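Below, each structure is written out as structure tokens.
Okay, so chain A shows up in both of these, paired with chain B first and chain C after.
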Partner chain A sequence: MPTVEISHISKSFGSTRAVDDVSFRVEKGEIFGLLGPNGAGKTTTIRIILDIFKPDSGQVSVLDGSLDETKKNRIGYLPEERGLYKDQKLETVLLYLGTLKGMEMSAANERLGEWLHRFDLYQHRHKKVQELSRGMQQKAQIIATLLHEPDLIIVDEPFLGLDPVNTRLIKEIIEEQRFAGRTIIMSTHQMYQVEALCNRIVLVNHGRTVLYGEVEQIKRDFAGNAVVIEGQGDFSDLPGVLQTRRENSDWHLALQPGTNPQDVFRALAAREGIKIERFEIAEPSLDDIFISVVKGDDEVEGVDNG
Partner chain B sequence: MGKLWLVAKREFLLRVSRRTFLVTTFAVPLGFAALIAVGVFIAIKSAEKRPVGYVDNSGVLDPAIVPSLNEIDDTVEIRVYQDVSVAQIDLESGDIQAYFVLPEDYRRSQQVAVYYWEEKPGDDAWEAFNNFLRVNLLAGLPEDRRQRVLEEPEWTVRSVDGRRQVTAGIGILNLILPFIASFIFYLSVMTSGGYLLQAIADEKENRTIEVMVTSLTPEQLIGGKTAGLLAVVLTQLTVWIITIVIALITAATMLESFPTLSVPWSFLLVVALYLLPTFVLIAGIMTAIGVMVTEAKQGNQIAGVINLAFMAPWFLSAMIFTNPDHPVLVILTMIPFSAFLTTAMRWSITAIPAWQLIVSWLLLVASAGFSLWGSARIFRLGMLRYGKQFSLRTALGALRNRRSWIKSGGRPSEVS
Partner chain C sequence: MRNILLVIKHEIRTTIGKRSFWIMTFMFPVLIVALSFGSQLLAEKSFANEEVAGVLRSEAAAITGLVDEAGLILHLPPDVPAKLLQTFPNQASAQIALEANELDRYYLIPEDFRQTGEVILVVSDYSPLANLSSNTLFKYIIDANLIGDDALARLMIDPTPNEVFYPQAVDVQAEDDNGVTSFLVPYTTMMLFFMLISMTGNMMLTSVTKEKENRTMEVLLLSLRPRELMAGKLLGLEIVALLQMSIWLGGGLLAQGGGGQVLRSSLAALTPSFVLWALAYLMFGYLLYASILGALGSLAPTAREGAQFSFLVMLPLFIPLILNTIFVESPNGGLATFLSLFPLSAPTSMVTRLVSDAVPAWQPIVGLVGLAVTTFFFISLAARFFRADTLLSSASLTRQRLLGALLGKENQEGRPSRLR
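Moving on, here comes the complex of A and B:
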């Protein structure tokens, strides 16, 4: 039984279709990436899962059925719009949020101490939230998400505003939670984090599912959609290429779906002032796939609309 | 219920630990106590206890006939003078504060002349001489008739239908109480309504609302905040009532002339019955405003206008005292906003017909329920509209039975 199952959900706000026939399953104990560009419908989808919004159509199953008040205690949510009671002491706020999730005060107190130590916030526990730095507040919010040991963790941009040390810490914690058997839905724009952490992903664009499956399988499917070139000359504005970027001495070209690397090679050969030392079909990064799919989808949208 | 209690507890502790609460709660009774103390001090200071004299040219008064202690407790000595000139010398030297002269034809004219130096004789002096005069005039009467005249008349006014009666002594209290009630109402209930507005707007401003609604229902959140603030109001009222009772007991002990007061239970019952639904009504309205505005400051301005609607009967005090059954006041009794104050103020002056009380209370309770229900709906719709104005039209849309609106959650601030 999947922890979360979304079946053909749609949601409109006035004339804007925020989510359009999206379906996916999140299995127990996996880290699931919910990806998409800004305005794609990710947050709306999360809010539908959490019953903040009702879908216009489609079915949502969370923790084996529809979401009720008891199940809310089994969910930890880190929203993109972060917020804590600023004029109150950190410890007071976190204990309050923990007890609202059904924890006993004594248990919340004990567990909070451990988390505060781990996040290096213990000595700041009596400070008002507004006196803490942005990064500290971000860490406090993550504690509030995990304090009650939820079965389902939904984190929207968990690495936002964190330095590399804390980013690594959060990454470790997310992995720990997975090992502990908890299910995690993670929405982020940091593709290398998705690549490192997620088992499976869904990519939504314009409210629709454009990619869904296992990360490794998706990468295999997209092999050939990117090439790496070493050489001299201008490698930009090639036909069939969505994006060209330089990494050290290499050029990485993300190809439009349907574009054959041989066509790119021919186009390069025909271009003046180009010297190619290496031309290699690359396994695309998730970043490349993201750009390839989203830009390709946008172009199709543009053609459709035009 | 558990989560509602948690929210209520937090809200209560948060508010009572604020400086504004401490100042409002303790400054008011301290001010009241100071006022009473100043009054007592002035009364004691100004009490003129020097003797008064009299010259009786009519032969009515007998110096031997003086009021007995159980009849009247006089503290001013009364001196008899045979000659006006001697009395005048004592007056000028300050030995006496005044002297009275009964003319020869006093029995016919019933006029008494009083002579004083610069300042009029004090109340105690008047009272002492009046009592002395009365005792002497009644000297020839049989004992029972004498007693009846000497004792103060005790009157009771009853309404024709027999539902209300006013006894001497509580008249002043009847007039003062509505003002005390409306003052307390304004200071406590309206301020707490403002707190609630602030609390809801804060949730939005702090961006905590999204976490809150994934932990508890909007009804639990709003209900908890309302209950917590109601507890704040009750705490404040308890402190004030205790202070008022202590102040009144102190004043009554220290001032002999302090009027006898009895507890106006019927008035207190009316206040208790109207206060709770009025508070809920205010809470609902303030919650809705808190959801609709983008920041607390903006909400406070709107709340000021709402406060005026609740305090409107105050501006019609003159009408309430002169014509308490005026149709305008009957209408104000029925309107939930003004029901509490209008009823409280009219209660002291007139016998409000039972049907008016029943209809007005039922309307108030119904509107309080509607207000709480409506605010929860508006809350659901507006909670995620960060930094965005919420039009009245949208709010009305939420109140109408349009399920699709509520289902859609309105247009969010951001679709991502």
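Moving on, here comes the complex of A and C:
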């Protein structure tokens, strides 16, 4: 049984359709990426999974069935718009949130000590939250998400505001949770983190599913939709190219769906002042795929994302 | 139930953990006690028989001249210092003294005073306010000389120097306090209840908006049903209100041993039956206003925006405070009775009437039933507002949105999506 299964869910706010017939499954013990540009409907989808919002239509199954109060205590959630009680002591806040998740105070106290030590926050436990740095507050939020050892962890932009050291720490903890058999749904804009961590992803845009499957398979499917060029000259504004970016001495071109790399090559050959030293059909990064799919979808929708 | 208890505990701990709470809890009674003592001192100074001259003396900021052509003033009452009046043989000499700034005014009692009753007051500078100043001192001197009886003349200034106050309210003991208590007790009671209900009610507003502002609401909603959150907050802050009242009552009872007469007679109103009525009205009054302010908090994105509307919400409770004199002068009058039976103003009005006068037994009961029913209605209404889409909304609180929410229409984030 999948840990989360949502089937054809839709949700509107007034005349805005925030989620439109979205379906996906999240298997037990996997890290699943819920991706999409800002305003795509990710947060609404998460809130529907968490029973904060009821869908207008469709089915949601979480931890083998409908979500009830007991099951809610088996979920850890790190929302994108996060915050803690700023005028209260760190320890008090975390214990309150832990006990609200069904933990006994003694157990919460004991486990909190371990987490605080691990995150280097133990000596700050009696400080008010507002006295902590942004990074410390971020780590405290992650403790609040994991303190009650949830079976399903939903993290929205977990690396936001963290330095490279703490980013690595959080990454390790996410992997550690997966090894412990927990299911993780991660929403982030950092595609390299998704590539590094996620088994499968769903990409939503304008409330609809536009891409869904295993990361490796998706990359294979999109091979040919990106080329790498080494050379000199102007490689911008080529027909059928969605985005051109320079990485070191290479040019990375993300192609529109349906554009053949040979067409790009021909266009380059016809352009004046171009010298090509290397032209390679690349395996696209998730970043390229994200841009390719979202921009392509926007063009179909007639939306200008700037 | 466990979650509600956790929220209750958290609200109590959070509130009483604030320094501002304790400052307010202890400062407010200190202010009341200071007011009581101040009033008592004023009362003793102002109304004591032997101090009539003190009042009169206060009028005589400078030496007053007297030209007595009628030969009326043969003596000064013993409580009027002789140096306050400087006599002149004729108007010319008084006028010279006035022009030389030796005095700023003089009275001329013309020869035909006994026929006309006219006295002329000549002042050095014209001041519109001078016309408003009292001539009690001089009238007292004239009366004493006309009647030939100083005590009688004093009574003409203050005909009821020994007024005895017998409060008719149930169980309230009579005290001789020159009428100070009859004003102070109702006023203090009303102020205390207003402060208690508005303070704790506004704590509810702040508590909800803070969780929205600091963005803890979304995490809380995964652990709690919105209505559990509302119930926990309402009950937690109710306990805080009762704690605050207990501290004030306890402090009041302790102060009964000491303090002045006014304070003691004020505290005599704290009879068991009154305390029970007061508790009942406080509990329902708090729940009524806290639920309204909590609903306001659920709609407002920030405490500041919520506070803009909180004055309007508190207005029905504030009106009796503005009209407080009716509760002293006519506690069983039509307006006072209406305000004490009208549920939104009952929490302060009925309790104030109970300490002011004997209230017909049916009225506190009817008032409390009306208040309880209204409270239930507003709690149910507030529960409609306590739902995820309003609690997670950052839309501005406007009159249109407030009205829309009241009518159950779509808010700015969309149609209501009620949780459970």
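What we mean here is this: the second predicted complex is superposed on the first by the 302 of 306 C-alpha atoms of A that agree within 3 Å, B and C clash if a C-alpha of one lies under 4 Å from a C-alpha of the other, contacts with A are read in each partner's own complex, and residues count from 1 in each chain.
Simple rule for what comes next: a residue touches a chain if its C-beta (ideal position, glycine included) is under 8 Å from a C-beta of that chain, and two chains touch if they have at least 3 such contacts.
Fair warning: this is a prediction, and the values are worked out from it, not measured in the lab.
Overlap between chain B and chain C is detected when the two structures are superposed via chain A. Contact comparison for chain A: of chain B and chain C, B touches the greater number of residues. In the superposition on chain A, A:L50 makes contact with both chain B and chain C. Of the two partner chains placed by the overlay, neither chain B nor chain C lies in contact with A:E149. Residue contacts after overlaying the shared chain place A:K101 against chain B and chain C alike.
In the superposition on chain A, contact of A:E175 is made with neither chain B nor chain C. Look at A:K42: by the touch rule set out above, it reaches chain B but stays clear of chain C. When the shared chain is aligned, chain B and chain C each come close enough to touch A:T16.
Clashing C-alpha atoms with chain C appear in just one stretch of chain B from the list 109-117, 127-135 or 289-297: 289-297. Residues common to the contacts of chain A with chain B and with chain C across the two structures: 12-14, 16, 47, 50, 52-54, 69, 72-73, 75, 77, 79, 81-86, 88, 96-97, 99-101, 144. Chain A meets chain C in the complex at residues 12-14, 16, 47, 50-54, 69, 72-73, 75, 77, 79, 81-88, 92, 96-97, 99-101, 144. Considering their complex, residues 3, 6-7, 10, 14, 202, 206-217, 384, 386, 406-412, 414-416 of chain B touch chain A.
On the chain A side of its complex with chain B, the touching residues are 11-14, 16, 18, 38-44, 47, 50, 52-54, 56, 69, 72-73, 75, 77, 79-86, 88, 96-97, 99-101, 144. Residues of chain C that touch chain A in their complex: 3, 6, 10, 13-14, 17-18, 210-211, 213-216, 218-225, 388-389, 392, 410, 413-415, 417-419.
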